[in-house]
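Each in structure tokens, the structures are laid out below.
You will see two complexes here that share chain A, one where it goes with chain B and one where it goes with chain C.
Let's look at the complex of A and B:
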């Protein structure tokens, strides 16, 4: 191979490497992209929460509406919880219990209570998609999860009010879907593991259609969250996220 | 025999409503309890089987008109009227700028699980409640109400309460205004009712968060001439907080108080209708998502008497729970809670199922 050809090949290689250094994503950028891909202008979905333990399975079904990063309304449609609704907007959570016609407003720590005995909290189900507000992020490297090349990131809470002080997440490099997550205490004690079982393509984005969350503090306990239907960027009534609609 | 007749009536009503079953999905909520109790005043033991049955017939959850019929019966019970068995029977219609609710149902005004000075429609100050129930206050009544949204988190509501005597001058009326001022919920309202004697009751209720969720409510009862006696000022308040531990263990803490500050602060002779100070502490510990242990107490600090219930609930299968409780009053004969009269120490074990 002649010197000019070698020189050309080296130059071309440098031209390829330098851009990859210049444009390599930071951990914050991966998280921002991840949040963007999980946030739609509006969405309407139906799904179920299936909780298993030693005695069997309990299933709760719901219908959910969401707008942006912080407004969400969930109505439970299964028998035992029929008509119960949760409205989350900014810093407050409103619960409506139709049997007692009772409207309850909660703030702070109450957001972390379990939803219907599942491994999910109200905060999990209605969380604001602004991860960087609550966590500092370190990009640890890459790993293959279920055949998907993923960024591996460690999230450490900035404030004490989050549900999980430490998270380790595997984010798909192509779709920015979180394939797996490990939730731990501040002392790195593993609490829960989340895995995406199946996905669905919606509006050009890959979203989880079935997710499994295992409680590592208990034997034989897991929660499956399944999306049966999902419509995105659909028109929603202006008063959907209001007390009037919550108590309707 | 009376209880069985009421259950039969409930079943007949259910059959009459059965054509609706094709359009709606009825929900049955039943609890069966074996109850053992001891009556200290007669030093006698008793045993009985108790059942609470609720059949709910909700309308389809669509359109601008919704409604529900809820039939309820308890065994054993005294003679129940049709009005007792029909716990709810209402419709709700949504118009462009307001919402109408009419029939027999409940409007929850104010704040508080047991003590709520803002509940000027039904009253939430009596200690004659069963601390074994999930809902401590669930009284319903006939009414017609209009709800006007003033914003996404504000509204004005007005209610008309029909006369029970048939005379229009005995009808009741009320209204409330609900909004948020900063992080604090502010609610104020007024109700005038006539259950034999005309009473006017204005109230105000605030709710917020200072690490723990808090609420504070106050109401005053005025007579026909809009004058108040010293006994008629009622103040209630409370704190609520949840603690979370690894392994999905939770501990919820609630403390409510009720005070009639202008009443007598004597250490004896306190009575339910005019008790000066009451406390309601509640602890619920859930070592797992399906098991909860509960301690509820109504405490009269002035005479140091209390009514306490310890309970447990284990959600074993979907819709099915095993439940148990132990309740007892503690106090001397002149106290608000005591072992005199019909007071009992009760142990109950059973199950509840909703399907």
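Let's look at the complex of A and C:
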């Protein structure tokens, strides 16, 4: 092969390789995209939480409202807990019970308490979508999960106030949906496993419609959270996420 | 040789009166200590029995058959239908009274913090036979049915800085395995005899507990008291069978003595205390052994003379044994009388364990009143005499083995 031909081939090869380096996403960028895809200006959804444990199966239904990355309000509509509400604002989480004359504020370890005996914690139900504020991210590589090519990322907590000190998540390279997550202690003890069972397309984004969560601290227990309806970017009352509104 | 041994033995006591009294006092102190100890133990046992029956289990407790297996998960859904079960068991032969309760872990939400307590839903009317609530109320009154009112333990109220009229939100898990919270007003502060109840428990009307816990028409347990002359275990067995036959309901129906490990432990402890009592007496008896030995060596000349005059070895043993026994009788009589006086005084003023028992989760009252028990007194008196007398046998036998020739060398 002549020298000019070799030079040409080398140049072409470099031109092919360089863009993949130039355009490869960092871990932080993946997380940023992931949060963006999961966050809407506003949303209204209805759904159910099905929990199975040693005592049988229990189903609770809810209606939820969300605004941006931080504010969310969940109201339970099933008979056993009708009227109970969970309000998450940027700094706090409040519980409203119809027969209680005061709101109960949850903070710290209490956020890890189970919601209605399920495998979900209050933190899980209402988590903020500002992951990078709380975690440092390391992109570990790629893996196929349920036939989807995913980034594998390890998130380590920056502050002690988060529910899970370490998270390992599998984020879809195409849709930025988290297909699977493992939540652990700082000592790598597995606390919970989450996996998406089915998805739904909303406003051009892929979102989980059914998610299975298993609390590894409980034996024979699993929870399925299902979204029955989801509307996004709908107008919501300005005071919907206020304490005053919580008691109506 | 004819000699009145008891008279000689009795006279010998006064030959060295101070030493004899020292031996008697040692026995007396042992007898007094064991007398007081046994009276205290009796008081603890009977107090624990009363408290367990009144505040915890009744004489017979009925629960869902699987409740105990899952008790640590607070399985309130494993409950009993009170409208079905209660009328049936109330009519059962041997049942004097019945009541229903729901015990539930309660978090009292105060100033942004949860404070752990134990809630009990009770029917104050049917509780009359079990807990004398009106006499326990220190301030205020009993909660009324249908109202969000609570009666709270005095120590719990003090620790949480709660007063009559204050409102408290109670957060708990429900029978449907969800959570619920309800605000109650404190209408009564009660002083329970058991420290654990005072520091942890709040009582609310049964219907409000059922509403809070999503247990409409259901109760966690039904407690029974038995008629005089009926054994709790027999009543428990007949009630269990009745529920099985009439309602096809499998229950855990047990007599209170089979439910309370602590009570069984106390019975074992009682045996241990008896053994300890024996050791006390043996320790006291060492003084007698020592005294008798000293007496024997001191009275070698006399032993030699008595032997030379024809007294047999067995008679010598009996002489010293009688001497020891007389000292034991004097000592144990004095000790038992002193013990009776102490117990009598304590039965009036009581023994206050409030500070010592704080933080101890035991079903024993903070103030105990040991009762004078003449059976115990008689037992201790006889017990002390036997053990102390037997302990003189060793040195007494030594006296019988002394050679006359050797003893006469001391003449």
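Keep this in mind: the second predicted complex is superposed on the first by the 229 of 248 C-alpha atoms of A that agree within 3 Å, B and C clash if a C-alpha of one lies under 4 Å from a C-alpha of the other, contacts with A are read in each partner's own complex, and residues count from 1 in each chain.
Simple rule for what comes next: a contact is a pair of C-beta atoms (placed from the backbone, for glycine too) under 8 Å apart; a residue touches a chain by one contact, two chains touch by 3 or more.
Worth saying up front: this structure is predicted, and the values here are computed from it rather than measured.
*Asks:* Taking chain A as the common reference, can chain B and chain C both be placed on it without clashing, or not? Answer clash or fit.
*Replies:* clash
*Asks:* Quick one: classify A:173 as touching chain B (first), chain C (second), both or neither.
*Replies:* neither
*Asks:* Tell me which partner A:58 touches in the superposition: chain B (first), chain C (second), both or neither.
*Replies:* In the superposition, A:58 contacts both chain B and chain C.
*Asks:* State whether A:158 touches chain B only (first), chain C only (second), both chains, or neither.
*Replies:* After superposing on A, A:158 lies clear of both chain B and chain C.
*Asks:* Tell me which partner A:188 touches in the superposition: chain B (first), chain C (second), both or neither.
*Replies:* The answer is neither, since A:188 touches no partner chain.
*Asks:* When both complexes are superposed, which of chain B and chain C contacts more residues belonging to chain A?
*Replies:* B
*Asks:* Who does A:80 touch here: chain B (first), chain C (second), both, or neither?
*Replies:* both
*Asks:* On the A-aligned overlay, A:101 touches which partner chain: chain B = first, chain C = second, or both, or neither?
*Replies:* both
*Asks:* Output the chain A positions appearing in both contact lists, the one against chain B and the one against chain C.
*Replies:* Common interface on chain A, chain B vs chain C: 51, 53, 55, 58, 80, 99-102, 105, 107, 110, 117.
*Asks:* Provide the residue numbers of chain B that touch chain A in the complex, in ascending order.
*Replies:* For this pair, the touching residues of chain B are 25, 27, 58, 61, 66, 92, 94, 99, 105-108, 135, 137-138, 147, 149, 151-155, 178, 183, 185, 207-209, 211-213, 240-244, 246-248, 250, 252, 286, 288-290, 315-319, 354-355.
*Asks:* Mind listing the chain A positions that touch chain C in their complex?
*Replies:* Per the stated touch rule, the residues are 51, 53-55, 58, 60, 80-81, 84, 95, 97, 99-102, 104-105, 107, 110, 116-117.
*Asks:* Which residues of chain A touch chain B once you look at their complex with the stated criterion?
*Replies:* Against chain B, the touching part of chain A is residues 51, 53, 55-59, 77, 79-80, 82-83, 91, 99-103, 105-110, 112-114, 117-119, 163, 185, 189, 191, 215, 217-218, 221, 239, 241-244, 247-248.
*Asks:* Which stretch or stretches of chain C touch chain A in the complex?
*Replies:* 70, 73, 75, 77, 109, 112, 114, 148, 167, 169, 171, 173-174, 176-183, 211-212, 214
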